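For reference, the structure is listed below as structure tokens.
When the chains are written out, they are named A, B and C in that same order, and each has its own residue count from 1.
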């Protein structure tokens, strides 16, 4: 038995732009028997999973962009953050309101060939067509030698795999992508979430000074999901904050050997995520995030992470920095490469539901 | 005392294209005293190692390629998978049957300057010349603070370092490369092994649709060894399967902090490996593997991982997908860049010996 | 109370080109209360930190380079290795003796917006100007679920963020960069340290055969700090040595899952470090280190790690290899791209103080 999408639940989802697939009291339904034909669930990890059904609408947007949205007229670049727990299943009814062939292809989760999203497997939506894609997930399972085959938990992403070419290069170039999070039970939930996609020479298909300004109050737990797309190599750098280069960005214990980084490769098809406490140890202010490839930051791949005071007021100097950024012309390159998308309040960021 | 290569043993090696350096009953010989002048073996890790001797033949192949092979006339691109356990020594007699200077240079193992494979150290084979290279390995050793200096276990590779230039750029470009695995005792052995080399804009010096089609039956334990070469950056992506980004691709325990990935940077000189259970949780079918740099997948850096049913029969839709792939013209790029090597049954993949 | 810089201490620093911020008996001063307004120090990790004050001088150098130095006339490319323990604070008085705007921006440590080093935050030195930058550090702190927010320990780096552009691209291109190490208490200290910066198509702004020749005696514990800068992607490869791909390069215990590597991506803004025992298991000799992108090694991104005998004498064949390297013309490329800096004894390498 699946969970029907309730209008109220849906509206709330749209307003905060995340799909939280579990934890809504009374809606969780065990689906252990539907999770795939090959691998029996490992006893110790047999958690109840739920099936969530959502509808995504693919639409054309201004400036030659396309986007995914949770309701008609609500498409954004990047698309909504989709979020489940290991064990859950996500059924996505994709409505193609564009005039081109397109699909949705996920990283990190389990799906059959019919949900592959690739023309190779005839898994896509023709113009005007509606098609359902099923993504499943499971926890780690024991194998020989006390090792475990990994589960699906991770900071993943989804994207088109059919528009323009059999690899979806046109759909990706024009904005058909978004973040997908599969959490382990017990993972720490954030206060806010930011999706940062280094796509070709843009951030979320925009260039400075029109790149997203991500905002948080001092001390808030902020989750970054970073995704790479396109044809260029990139390195994501965040000023004054750092994270462990592992699954969560935090150390799993004092002996966790992970390197701590503040700059990480972000190449096409890859993704990672981490949580920081905004301004921890450094104070509030306008902090840069940018691609550290010099010619990329110079031509527009930079933005601001605005850490406000704990009460939401602006710290000294921050407005001046923001104004400076917007007056920033990035030299001749900016004149040659106008912004591909007008700035919009809230794109790529949203409040995370604390109700779990 | 070394282990002589037995004709039967050798023939078997050639047929499955792997060199298994240990575990053949009655042939193992301790060589602890020959493992190098600098570091005494750590008591707790003093395993018996063996010395294996193989002969590799470097040969010219059609389409301007060169390859390494375990017998005359058997050279392939990539070369055979070489595989030992930590503690073992591999003595390679390299016969240069090409008309150019060339060598063999390994990653990850121990070797003296005379086995460096570099012209810098006058370590190479002139045309027609035979030369022996010795690669050693050892387990991790204790150092201060309860830390350990790493041993040699890993998914490594070998390649020419002398053809054309002092860095072997010509030899690498034309196919002189292969996988090298050093296992820790207790590592899980696979049923099948695939070598995938992203070399310049090719996979194993081929482009789609002539890239290798790797095949396994549902549930088989398949080991992928991914190697990068050339001048381009790449990202390796496999559909519907994932692995831990650590030494084995599996989690070493429930607290292993490693990120789980299905897309990973694969840049020149780097390598990694992992094991998946074919079709686990997703079912059989024709699954894509490809470089996720969009322009690279578009111009031929993609292939098929064909997961058959458990009994080896074709699952529904798989043949159609394979046919679609072979009819796939990859646009104008394919016309400009014809396949550099005719497809051959079995290249880059083989059965792993379960006899250990 | 801060620690005044003593002339003797300073002179010693200059001679070995490292700033050791802790452990000098009698100078350590607890500064726990000054480490930042946001996060109270975690009880279990409340170590006494010290405040160290140094002065850095930015200067023009021959060949259109700029450098940081610990005394006037002492600037080098790369700049001096700066080194502290978690908990320490480093106050840097930067004297800009160039005729251009410039700054110092660190990775990995904590700093307020006024020490960001970015024009965005009006944090830079005009020509002739002196300005103080404060970098703080702290240990890991507990958070929910037995996880820990990471501390600042790591192999980091610093660089200009203001010369030429708001991202410091000119300053970085011309040599304004260096290594920054934050150690955890208990970390193993090396005998020698080498800084290797892959900056655009150079190593430490030089090309072969003028790249640094790093030297050690057999068995010495050598620390490599590798830093990427510029606009190109790179992979750092070291012959005959390897390291764990984690924070220290060593395994934290027998179950540490880290991959062991001898080739690693080194892209703009990233850094990593590791320690090897020179020639361990392989013997002395002239070992190559180079970018493994073939066209990069071919055009000059390679150098020699000379491992001498334990008594400092030259091993057989090493001088011949060094001579061969210096006669190495790297083909036409070398003629087109003359060395950007004359070779200098000791650049990028120095003895580490054992006195801690």
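As a working rule, contacts are C-beta pairs under 8 Å (C-beta built on N, C-alpha and C of every residue); 3 or more make two chains touch, one makes a residue touch a chain.
This one's a predicted model, so the numbers in the text were calculated from it and none came from an experiment.
J.: What rotation angle, rounded to the nearest 5 degrees, superposes the C-alpha atoms of subunit A onto those of its identical copy subunit C?
T.: Between subunit A and subunit C the superposing rotation measures out at 120 degrees.
J.: Compare the two sides of the subunit A and subunit B interface and say whether they are made mostly of the same residue numbers, over half shared, or of different ones.
T.: Different-residue interface.
J.: Could you work out how far the Cα centre of subunit A sits from that of subunit B, in whole Å?
T.: 34
J.: Could you pull out the residues of subunit C that touch at least 2 other chains?
T.: Counting only residues that touch two or more other chains, subunit C contributes 233, 244, 248, 251-253, 256, 258, 265.
J.: Note which residues of subunit A are touching subunit C in the complex, please.
T.: 186-188, 218-219, 233, 235, 237, 239-240, 242-244, 248, 250-265, 277, 279-283, 285-288, 290, 292-298, 302, 304, 317-318, 320-321, 324-325, 328, 331
J.: What does subunit B use to touch subunit C in their complex?
T.: 35-39, 107-108, 110-113, 116, 118-122, 136, 138, 140, 143-154, 156, 165-167, 169, 172-173, 228-231, 233, 244-248, 251-253, 256, 258, 265, 267-272
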